[in-house]
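Here's a structure for you.
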């Protein structure tokens, strides 16, 4: 089967494909509030879609996404207290990604991309990568490479201007806002409630974090800055730029010598 | 949104639905070889489909499935060594399900179904349920109930006869065989390679397990008994019987007094 | 010393015996209710006795049993709520067996049998075996083999007929019932209260599990089907058949090539 | 049944006995070299025997012993490298004892004695007790008390003189030496090889520990000081003194107010 | 004793001070390369110094710092491969901070600040805070608040201009650079080798991370942007601004209602 | 830099020093009550000071101390309930020391001393050393050696007489008493409140431990025997003897063949 999705392949297909030393993408998302207009799975759907397009370009494969992510934080996701936000403890998320990486390696994969869709996951992916490489070193394998990335980190200044012609607020407040909403309008318009897109002013947080959360600075909708200016066209523009750029970057990345 | 899939809901939808004390289904599958004709995600796709239909009947919700499961064993799944079989350590699987259950409870859910699609998961789901209930007891909550089931356990003798008019081999050898292939032909025919359905004789295993696996008794295709007699009609018949039966059983199950 | 019990040997004896590459048996039991007539240690006493007899035949050794097992379940053991049932968390049981296997290997043992006496232990033994083999691989040792078995799996159809001349109910309901009671009457009659053997009808469970337990379908005695027909003679017949059969199977098992 | 051994009781017996608020003893031993004359299970057999006698005096119960202990150290047990010494990682031993304590409490036991037979276990029993009490506090129970003891700590100066009429070396070197050999000669003479009792001079260790072990100061027999003067009469004298003393101490201990 | 350092207090002092409901600061640092001119403990010394000054203002206490931190990353610290960089696994760092927080709470502290000096620690502190609050909830305590902050997050635009009159590169490249070097010159000039301060151009990293590290974009000195412009006066200016600002922010932070 | 403290070195210094195969000391202390006259960090300050002096003699390095230790026990430290006593769970302490040892080895260190200042830490250091050596073996390194010691174990009979001219009570009761107070008076007189040194009679404990603690036999000051006879001169005498003795012992220790 020509699918890039491991889920759709038979084991015969998989065995065949692995012989070509494919880059394997593991999308890692979350079940997290994304305002009144985006579905809870937004952070999984986005990296899955982008990873599939990149995989198509580089002849790669996409593993079934990790659909649950780390605990939503007020400054990047509104906070874990919003209904429907189902999050993992750090140890479980680290263990899960570490296991999947080790399993891919066991079957012959040597180039793996942790393709993140949820800011809060980042550091736990670093740890999963480090521990998996240690596991492999203990098993005598030292030829594995793991790239970790957030697709949004590849958005260029030019694309920022397309998204925010009136000036870019900050990536930190880009939760359920213009970028995410635009890409969702492009890839899954059926799951966006355009009529409910809020027009909240950008949230303003103090320079510290407090637990339990102080909910006062958190916009009640869970949207950290206005998503009103979102459009499917903008979403398409984002993918048109980041997909080839990520593909190019990865080809170079996996050529680098290991330290 | 009227979807039964939590992934598709906004947090507003979720908050609204939880007020009705819905039964929430967590499908738990695997990435496991299913012969030359079925996709690696078979054990996730099947319980997801069944759970959705049951949820529709009982006004329930379906959480994003756990897409990776416990290590495939020769007697029930062919074995973990088949290419593409990506499995979790027990501790990770237990932690993952325990986390998700606790998160559902945190948001007000009190009736949860661990809806298993992969035989090897079973005992780790028992532990996840037990530990989650202990966590909740430590937090002072004692009104949570968790049902654990494999949808195939609900297939009646009558349906067995539909599936196997010439006599039922055994559920243990029903891996990538008549039942699973039939239901896949019914729900996702696009993912079944009918032309490749093997006609292996039923596997014959000794009454012990050995590690590392002795691969000699394992059919090279990974199919534990012939799937030749599979058909979409049989698959439809299975769902037509088990969906209402599971729905009825759950309604009664959650009425039971806690011990 | 000629004992097969490692507990009874001095370290000099052990060192001598290990040179012969013995099969080492680790009985794994439980402290679990077994009705009004059998002791709480039944699931430890039975595999210990059978393992000793098999070890005698194959020149093997028996390690001190793991006396505590996984949480009793209604359908296979009545349930963890019965007084005196002292069970382990999955992580502890896995870690314990993994440690013991690794220690045996450290001292030169290469053929190990996880000899189970308690159904609920099974999957955690699978995980312990898998993790121990991974540990050994990390240490560079790949010549270790581990067999996992339940002695009851070796009972033939012929012996079933001896045990149940009027028809076999099912192994799942064979808890504290005819088979276990018969073998106990044979090996430890001093610990069986024959006058208290109950005559419960076979338990009838729904095709799902619920947590906390629904105690209504559980027989109040904890016996899942009648033990009335038990006898020491039947117990003797069981051992007379399974002991040589297990011995033969193991000799062949350890000859198999590793995958 | 009148047995003090939980292993021998039925669940009905156990339920009856727990109503009397019995002191429950958990013997914790090891599988550890004990020279050419004592069996590997010495550290389990001794506390089991002593605990049973104390339990008889105070109307207590004895749980199945923990038969595997912490890693043998040169200065107290000769070292983990001696053949047949099968030891647990700290985390497993702590988890095991913590689990058993929690299970006893779940069934109504409130007075528990961790009855140690192996010096190396001590601090891990402290941790197990602390964590189990924390678990119970999280479940809202604060009426549990746990005593941890080594039976040898109760030997009086007078009994020391009986054991060592020519002067006491030190408890630290009392491994497989006069005291342990004497008590074994008293309780299990069948397992002592009197003809092989060594007459090693007392070991002399530097005031530090080194890993991996420096085996040069370790007596090749594994006996840390001479056991030649051992006798069954001395063993009997030890038990005649410590059993009533431990019984008396425990009755007082469990009367103390909790802090 | 009037010290703000818990390390210097007797337990009588501590008991007295805790009665006043002090804010307790836990500095969390690292042992990490900081170029040829700064010591490996820089990330511990800086938050310890700042926390002490803030504690003086608010009548708080400073706990002994966590001197080891999470694994250094190329983009924020040069990378874990630099000699002398001694880092912790995520699980250990989380467990350590969680333990210390729980212990402070056990002794009556209710207001705790995780005072971070090492960017890589951040998300593991979030997890430690979350798990400690869960532990406390399980023990029935819900009046604990934990603030997590990096002192550098409080540097104002005005102070940025003092530090970088010619334009601010980015906080991400501020490793062993102008800010850290300046504050070290102010608080511990004895530990700064001014003659060795490098004048590296700012590092330029791709928008992804790769494991094992690609060392090519990492400046060989480990300094991510030039530190040449550092001065003790600038360091003093930083503290003069951030200390009162953090003090004010914390007083307000702990007044916030809990969600 | 000539410092023996790793904390003070730059990474260039560290890299240079490691080439000489230095002995690296890891002081491990606690935050524990030490009576009305000694600071909570006493158990960290003492081994740090002694380790530095030994390191000076042998050309070694001292890693940043582990400032938190295992839970204080009544018989050796008064008990964990004293205000300000901040302790770690066993698993965290083991993990922390194991991590640091592994990190030192990663950078080329092969001779490591776990330099303990807190009796309660001992057995957890044993486990940390054992697990770190296992980790290294899994990575293929077998040339690492770890010494574990308590500096007080090196005090000779002659020095005991200097400390206790009127007879030595016992090391077990030497908590916050003559020895520790004397050495603190010698190395950190600014942190000793001489006017508050108590003159408690020696504590008298039963031969068992009980949890929760029975606080009745614990002196209310937390001092287990009188510290009145302490003096800076005695402290100086202790260091004058133990420092060269430890240095000599270590040089010999690391020459020993590995077993």
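Every chain is named by a letter (A, B, C, D, E and F) in the order it is written, and numbering of its residues begins at 1.
Quick note on the criterion: a residue touches a chain if its C-beta (ideal position, glycine included) is under 8 Å from a C-beta of that chain, and two chains touch if they have at least 3 such contacts.
Just so we're on the same page, UniProt names per chain: A, B, C, D, E, F = Creatininase.
Computed from a predicted model, the values in this text were never measured in an experiment.
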**Request:** Name, by label, each chain that touches both members of the pair subunit A and subunit D.
**Result:** B, C, E, F
**Request:** Compare the two sides of the subunit A and subunit E interface and say whether they are made mostly of the same residue numbers, over half shared, or of different ones.
**Result:** same
**Prompt:** Comparing centres built from CA atoms, which chain ends up most distant from subunit C?
**Reply:** E
**Asked** When the centre of a chain is set as the mean of its C-alpha atoms, what distance in Å lies between subunit A and subunit F?
**Response** 47
**Message:** Centroid from C-alpha atoms only, then distance subunit B to subunit C, rounded to Å. What do you get?
**Reply:** 28
**Request:** Mind pulling the residue numbers of subunit B that touch at least two other chains?
**Result:** 89, 91, 138, 140
**Complete:** Chain pairs that touch, by label, are A-B, A-C, A-E, A-F, B-C, B-D, B-E, C-D, C-F, D-E, D-F, E-F
**Fill in**
The residues of subunit D that touch subunit B in their complex are 138-140
**Fill in**
The residues of subunit E that touch subunit A in their complex are 70-71, 73, 81, 89-91, 94, 120, 122-124, 126-127, 129-131, 133, 145-149, 153-154, 206-216, 249-250, 253, 256-259
**Asked** Touching subunit D in the complex: which residues of subunit C?
**Response** 1, 6-15, 18, 31, 33-41, 44, 63-65, 67-68, 82-89, 91-92, 95-96, 99-100, 103-104, 107-108, 191, 193, 196, 222
